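Below you'll find the structure, written out as C-alpha cells, and then a few comments.
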Amino acid sequence: MSLTMAQLAVFLTLLSSVAALVFVKKPRFMINVSFFLLGLSGLVAVSAGGMALLGNQVEQTILPVGLPWLHVCLHIDALAAFFLFIVGFVTFVASCYGPSYISRHADDGAHAVSTLTFFTGLFVAGMYLVLLAADAFSFMIAWELMSVASYFLVAYQHDRAENRSAAFIYLLMAVVGGAFILLAYGVLAAFGDGFSFVSMAKAHLSPTWATIAFALAFIGFGLKAGIVPLHVWLPQAHPVAPSHISALMSGVMLKVAVYGFIRFVYDLLGGVQWQWGVLVLLVGAISALMGVLYALMQHDLKRLLAYHSVENIGIIYIGLGLSMIFAATDHKEVAAIALVAALYHCLNHALFKSLLFLGAGAVLEQSGQHNMEHMGGLIKKMPVTAACFLIGCVSICALPPFNGFVSEWLIYQAALQGTVLKNGILGTALPITSAMLALTGALAIACFVKVYGVVFLGLPRTEKIEEAHEVPRGMQFSQIVLAISCLVFGIFPTWTANVLNVIPQKLLGAGFAGVNGESWLWLTPINTQTASYGALPVLIGLLVSWVVVYFFLHPPTRDNSIRIAPAWDCGFGPLNARMQYTATSFAMPIRKIFSFAWHVSEKVEPARIGKGPHYFLHVSDWVWMYVYAPIGKIIHKVAERTARIQGGDLRIYLCYSFFTLLFLLWVIV
Amino acid sequence: MIALYATLFFPFAGALLLGLIGHWKSAKHVNIVFCVGAFIAAGMLALDVFSNGPILSDGKLFYIDAFNVYLILLNAFVGLTTSIFSGPYMSHERDIGRVGDKRMRLYHSMFQGFLFTMLAALSTNNLGILWVAIEAATLTTVLLVSLYRTHESIEAGWKYFIICGVGISQALFGTILVYFASAKVIPGHEDGLLWTVLQLHAANMDKGVMALAFVFLLVGYGTKVGLVPLHNWLPDAHSEGPTPMSAILSGLLLNVALYALVRFKMLADPALGNHLAGNLMMGFGLLSFSVAGILLHRQYDIKRMFSYSSIEHMGLMTFAFGIGGPLATFGALLHMIVHSLTKSAIFVTVGQASQIAGTQVISKIRGLIRSNPAVGWSLLLGTCAIAGFPPFGVFTSEFLLFTATIKSYPWLVLPLLVGLAVAFAGLFRNIQPMVFGEPPEDQRKVPVNMWPVFIHLALVLWLGLAIPTVLAQWLNQATIMIVGQGVL
Amino acid sequence: MLIASLSMPEQVTLTLSALILLSSFLLLAQVRVDSLINTFALQGLLLFFATLAIAFISGKYDLLISAALTLGLKVIFIPILLRRLVVQLDIHREVEVLVKPSLVMLFGGGLVLFSYYVSLPITELSLLSTRNTIAISLAVVLIGMLMIISRRKAVSQVIGFMSMENGLFFAAVVSTFGMPMVVELGIAFDVLVAVILFGVFFFHIRTEIGSLDTDRLNRLNEVDK
Amino acid sequence: MTGWLFALVQTLCVVLFAPFLAGWVKWIKCKLQNRQGPAPWQPYRDLWRLSKKQVVLADVASPIFRAAPYIVFGATVVAASVLPIVSTQLPTAALADVIVLVGIFALTRFFLALAGMDVGTSFGGMGSSREVTLSSLAEPALLMTFFTLAMTVSSTNLSSAVAYLSQAHFTLAPSLIFSFMALLLVAVAETGRIPIDNPATHLELTMIHEAMILEYSGRHLLLMEWAAMLKLTLYSILIVNLIVPWGISLTLEPQAIALATVSVLGKLLVLGVLLAVSETSQAKMRLFRAPQYLGMAFILSLLGMMSHIILEVR
C-alpha cells in the first residue's frame, strides 16, 4: 500500500515534468499545473512515508524495466519511509512557494520556466527513487538522475559566468561521487553475487575489503553530502539556483546522500568497525566547525546558508560517527540514541534550512540582491517573512524550545555516554568532538545574530529596500508551515523519537529504552536521574513568566503609553544607515580570533581626491586554494604534454604505428 | 536470403545511380529512398535471423549470426537517419558554395558506397573479403574527407589515406598468416578463410602463427578503430570532412573495425589458449581511453573534440572485449550500439550548430540554447548521454563494464574512473559555454532538421531504461559466441 | 638446409626472393623520381617471376592468374600511370634529399634480421621448402613502411606503400600459394582504386601547397593551440 | 504537588533576592575602594523607579526590540526555576538539565544581541558583536565544564549532580578542580564583570552589555537590568552549589530547607565579597585579550574532561 503510494508520488512528479513540456506555450498555466502536481506528489509521499514509518511496514516490488536479468526493484522500509517523509514534506512546501516565486521568470521566455519546472520534477522523482531503490543499478540511475536534473536547475540562470562555473563544478563532483558510489556497490556485488540489496547484504567481506568499500562509500556519499573537504561545490551551487530549488537541494538532497550512507553502511555493509566511526566523527566535527566559520565570513545570504548546510551535515555525521562507534563496541542502546539523534537532525535541518532558504528567497526577491550589506530593516516591510525567518534562526542555532535543540541535545547525551567505552582513543575523541560541537553551536548563534540583525533589523541600506513589501500568499504560507513544524517537532520530541526508534531497532537490533519512560512530557534517553528534557513545560514556563511579567508591568491603574522618539545620536545629527554595523564589521572580532581558519586578504585604500577611502576584504577557502586549484593545474599541464603526440607530422604518426608493430612483435616472439 | 541480398543491393545500386544523378536537386531524396530500402531489407533480415537462426548463404560467402545481425540493422538505421540529416545540410553547404555539382555527385555516390562496404564487411563470411571491404571503406571515404578541397581537408585526407592504408596492409598480412595457419588444419584451398569453417578448427591452429597474426591484425584493424597510438588520422578526418560523413565514420566505421578485431580475437583465443589477445586489447584500450580523455582538454574545434571522445569510447569497448567474461562483453556489445547512436546524433547536432555559428571553432559557438533551443538542448543532452549519465543507455553499458572490471581486475577501475572524470571535465568545460549564455549577433538562421537526433536520443534513452528482449537475446547469443557463456 | 639440396626451380625462387629484397633496398636508396618508378616496376617483375616459379614448383596453376594480375597491375599499369602523373606534375626530374641514407640502410638491414627472427615460428610450418622466403616478404613489407617514413615526397611515399603491397602479395604466394581467388581479385581491385585515388591526391596536394612535400601538411595538430 | 509549590516559591525568592546580591557586590566594592557607596538595596529603588517611568522608544525600533526584554527576563526566570538552590528534591529540575540551562542562557543572549542590533546605532551593533564573539568562546568552555561534571556524576541533571556531590565524601579529583576553575572564569565573563566587561561603565570603547541595552528605558530597561542581576545570582548559585554543595538539603523537610537556605545565603554573600575583591584588584582587559582569557577557560575545561577520561575512569 505505502509502496504503491510512493510509486504514485513518483508518477506525479514525472507527470509534472511532462506538464512542463506540454504547456510550454502557456507558461503561467503551466507553472500552476506542474507545481500543483508536484505538491500533490509531495503530500502523497508524506502520507506514504508516514504510513510505512508508523506501521513499520516493509514492502517490495519489481518493475519490468532495467537490465534483462536485473529488473528495477523497489522497496520501502522504516528508514526509506522516514526520508521519504522528509523529501515529500519539503517538496510540498517548496511547490506551494514556487509558483508565485518563479512567475516573474515567466516573462523572460517561456522556455526558461518550462525548463525549470521540467527538471524540478525530474529532480524530485530522482530523490524519491533513490529512497525507493532496492538494487544498485536502479539506485545509481536514480542517483545520477537526481544529480543531472539538479545540475540543470543550478545552471538555470546561465547568463552569468559564475553560475555556469558553479554548475560545472557541481556536476563534475557529482560525477566523481557517483563513480565512487558505483565502486562501493561494485565491491559488494563482487563479493555477494548480484546487485540487489538483499544479496549485497548477504555478502561476506574480509575486514580489508569491508574497509575499502566503506571508504569508497564514505567519499562517494560525502561528496554529495558536502562534508569538508569535499564541500567546495556546495557553497557555489546552492546559492545560484532559484531559492525553492536551493531549499530542496540544501534541505533535502543532502539528506538523501545521508540516507545513502546509512543504507550502505548499516544495512548493506554491516559489521561496523570503530575506526570508521572515529573517521566519521572527526570529519563530521571538522565539517561542522569549518562550515560555521566559513559561514560567518560570508555576506552573500544564500552562500552563508549553504555553508551552514555544511555545518549541519557535519553535526549529522557526528551523530552517525557516535552511533557507529557505540555499535562497533557493542553498546547498542547508546548507538541507537546517537542514530536517532542523527536522523532527528536530518529532519530538523530539512525543516529549518528549507525555511531559511525560502525566507532568503523572499528577501532576495524584494531586495533584488544577494548581498546582505545592502539590506536592513526588512522586518517592517515584510513582517511575516521576518517572523518565520526568526524562528528559522532560533531553530538552526539549537535554542530551546525549538527543534534544532532537541537533536543536538540527544547528540550530547550520546557523547556523554563515552565513559562506557574502554578504548582510550575513543575516550578522547568523544570529548574533543563534543567540544567542537559546542563551539560550533556558539558560533552559529553569532552568525545568525549577524544575519538577522543585518538583514531584518536596523535601517534600510538601499532605496530598493524602502519599497520592499510582503511576498504573496503562497510564499508566506509555505514559510509559516515550516515555522510551525519547527516548533512542533521542537516541543514534541518524545513522540518523534518514539517513532524514529523503529529504525535503530531494525538496523542495530536495539532501540533506546528510556525514550518511552515515565511521561510523554519528558524526553529521557536513559532515565530521569541521568538526563531529561521537557520541551513543552519549558515553553509553557517561558510563556507563563512572560505573561505574568507583562501584567505585573502593565498595571491598569497607570497609563502604559509609549513615547516614540528618534534614537539618541550623540548630538551628531540624525542617524543614517551607513552608521550601523555591517555584516563585515560585525564578524570582525571573530575573524581576528579565528584568523587561522581562512585565507584573508585585506586591503585599505586611503582616500584620494574625488574618491573616498576603500576597504577590500576577500576571505577564501583554504581547501579550494590548496587542494582543488592545483588538481586543475596538473590536468592542464598533463594535457599540454600529451598533446605532443598529435604533432601534425605524418611521418611521425607512421613511426608510432611502425614501432608499435615492432614492439608487439618483439613482445610476443 | 533475399533480404540479405537486398540489403547489400540497395546501397550498391544507390552508389552507381547517384554517381550519375547525385547533383540533382532531388538527389537527397533518392539518397534517402535507397537508405530506406536498405533499412527495410535489413529489418527483414533481422526478423529472419531472429525467427530461424543464423543464415549461411549458398556459396558460403555471407554468414549472418547474432553478432553481426544487430550491427547490420544498426548500420542501416544510422545510415538512414544520417541521410535524412544530410539532405538539408548538404544543400546548405552547396548554397554557401562550399561544394559544387561534381562534388555533390561524388558525395552522394560515395555515401552509398560507404554504406555498401560497411554492410558487406559485416555480412561477409570470408575474412579476406572482410579485409577487402574495410579497405574499400577507406577508399570510399578518403575523397569525402577532402571534399572541401581546403588545405586542412586535403591534409586530413592524405593522412587518413596513408595511415589507414599502411595500417590496413598489416591487417592483410595478419589475414594471410591466419590463412596460412588454417591451411595446416583445414582441407580445401578455398575454405581456409571462411569464418564458419575457421571457428570450428580454431583450437587446432598453430599457436605461434596465430599470435603473430593477431599482432598484425591488432595493429591493422586497431588503426581503423582508432586505438592510441595508431589514432592520429581520426581527429583530422572527422573534423575536416562534411558532417554527415563524420557521423557515419564515427558511428559505423569504428564499430565495424572493432567487429573485425573481435572476430579475430574469437579465433585467436582458442588457438593461443592464453589471455594474450585480451591483455593486448586491454592495454590498447586503456591507453586510448586515458589519452583521449586528457586530450579533450586541449580542443579548439568542436568536431575534433567529439572525435576524441569517439577514440575514448572505442578504447573503452576494446578494453571491455579485452577483459572478456560475459558481463564485460555484453556491456561492450551494448556500448557499440549506444555509442554509435549517440555519437552520430551528436555529430548531426554539431553539424547544425556549426552551420548556425558559421564555424567549427568552439570559442565562437555561443548561447545555442537561446538562439536555437532544439540544437542547444540536443547538444547538451547528447553530451550528457555520451558522458554516461543515466537514464541514457551509455550509463547502462558503462555500469556493466565497471562492475565486470571490479570483479576481474579491481585495480584497473581506478584509471578507468579517473579517465572518466577527466574526460567528463574536458567535454563539459567546452560544451557549457557553447550552449549556455547569450548568443552573438552574427549567428545565421539555417534550416535544421533535428528529427534524426531526437529519434537517436529516444532510442538511447529506451535502451537505458529497458533493453528489449530481442536485442537482449542477440547480445546474449553474441556474448556466448565470444566468451562461451552468457549473462541471461 | 643446403641450397644445393634444392631443385633448380626452388633455387630460382630463392634467388628471386633475394632479388626482391634487394630491389626494395634499391627503392630505399633511390633519390630520382623516375628511377624510383622503374625500380618499383622491376620489383613487380621479379614478383611476377617468383609467382610463376612457385606455381610450377607447387603445381598450383591458379597461381598463374594472380601472376597475371601482378604483371598487369604492378609491372604495367601502376608504373605507367605513375610516370604519366609525374610527367604531368613535372616532377619526374626531381631529386629528393634523403636524411641520413646510410642510417636508413642500416635500419633496413636490421629489419631483415628482425623479420627473420620474428617469422621463425611460421617458417617451421611452411610446406614450401623455400620457406625462409616468408621472412623476406615480411622484410619487404617493413622496409616499404620504413620508406614511407623516411621520404617526404608524396610520390615516394606512394611507391613505398605499393612495395608494401608487393611484400604482402609475395607473402601470400610463398606461404600459402596465394589467397582464395575472390580475395585476390578484391585485393587487386582495391590496389587499383588506391592508385587512382593517389593520383587524384597528387593534384590536390600540388594545387594546395604547390609541391608534393608532405611535411608541409602539418596544420592539424593539438600542440600550438 | 508540594514540590511544585516549593519550586514556585523558591523561584520567586531567588528572583527577588537577585538585586540584593548585585547591590551587595557593589556595596562591598565601594567599601574596598573606601568610597561612600549606595546601600545594598539600592537596586530595588532603581528598579522601582524604572517601573514607574514612561518608555521612550526609538522610532526605528521593531517589535523585536519591545519583545526582547520579556523574552530575556522570562527565560532567565525559567532558568532560575530549574536550579536546585536549597533542596535537590526539585521536580522542576527534571524539565531541564544542565545542557538545557546553557541553551536557555543562549536564548537570552540571542535576543539580547538582536535587540542591540535593532535600533541601528553603532553602539548596539558593537555591543552585540562583542557579546556574541565572547560568548562563542565562553559557552563551549561552560558546556565542557558541565560535561566533565556530568561524566563524573554520570548525569546531566543538576539536582542529581548536586545531590551526588554533596553526598560523596571529599575526593580530590583533578578533573573537577580544572572544571571549577574554568567555571569561575566563564561565570565572570558571562555575567559581564571585570575583567571582561564592566557593568558600571558607559564608555563606548569598553562596554559590551551596557552597549546593547543603551536604547532601553522604563520597564524595558528594568527587565534587562533585572535579568542581568538574576543571571549573576544564578551563576553564583551554580558555583556555590557545585563547588561547595555541603549544606544543601536532600529532602523537603522545613528545617532542612531552612538550614540550607541559611547556608546558601552565607555562601552567596561570601562569594559576593570574593567577586568584589577580585574586581577591585584587577583592571578590565582589552577586548582582544579577552579571547586569551576565555581560551584559557576552554583549555582548562578541556583538560578537566581529558583528565577525567584518562586518569579517573579506570
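Going in written order, the chains are labelled A, B, C and D, and every chain counts its residues from 1.
Everything below uses one rule, namely that a residue touches a chain if its C-beta (ideal position, glycine included) is under 8 Å from a C-beta of that chain, and two chains touch if they have at least 3 such contacts.
This is a predicted model, so every value here is computed, not measured.
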From the centre of chain B, which other chain's Cα mean sits the farthest off?
D
Top contact pair of chains, counted by C-beta pairs?
A-D
Whole-Å distance, C-alpha centre of chain A to that of chain D, is 35
Please tell me the distance, in whole Å, between the geometric centres of chain A and chain B computed from their C-alpha atoms.
44
Whole-Å separation of chain centres (CA-atom averages), chain C against chain D:
101
Chain B to chain C, mean C-alpha position gap in Å, rounds to 31
Give the residues of chain C that touch two or more other chains, as numbers and ranges in rising order.
118, 121, 145, 148, 214, 217-220, 222, 225
Which positions in chain B are in touch with at least two other chains?
158-159, 162, 166, 170, 211-212, 235, 295, 298
Quick check: what residues of chain D touch more than one other chain, meaning two or more?
none
Which chain pairs here would you call touching?
A-B, A-C, A-D, B-C
Listed in rising order, chain D residues that touch chain A in their complex are 51-52, 54-64, 70-71, 73-75, 77-78, 81, 94-97, 99-100, 103-104, 106-107, 109-110, 113-114, 116-122, 124-126, 128-130, 132-133, 135-140, 143-144, 147, 150-151, 154-157, 160, 214-215, 219, 222-223, 287-288, 291, 298, 301-302, 305-306, 309-310, 313-314
Tell me, which parts of chain B touch chain C in their complex?
61, 126, 128-129, 131-132, 135-136, 139, 142-143, 146, 149-152, 154-159, 161-162, 165-166, 169-170, 172-173, 176-177, 179-181, 183-184, 189-190, 192-193, 206-209, 211-212, 235-236, 239-240, 295, 298-300
List the residues on chain A that touch chain C in their complex, please.
643-644, 646-651, 654-655, 658, 662, 665-666, 669
Spell out the residues on chain B that touch chain A in their complex, using ranges where they run on.
158-159, 162-163, 166-167, 170, 211-212, 215-216, 218-219, 223, 228-230, 232-233, 235, 276, 280, 291, 294-295, 297-298, 369, 373, 384, 387, 389-391, 395-396, 399-400, 402-403, 406-407, 410, 413, 417, 420-422, 424-426, 428-429, 432-433, 436-438, 464-467, 469, 472, 476, 487-488
Looking at the complex, which residues from chain A come into contact with chain B?
64-69, 111, 137, 140-141, 144-145, 147-148, 155, 158-159, 161, 164, 167-168, 171-172, 175-176, 179-180, 182-183, 185-187, 189-190, 195, 635-636, 638-640, 642-643, 645-646, 650, 653-654, 656-657, 660-661, 664-665, 668-669
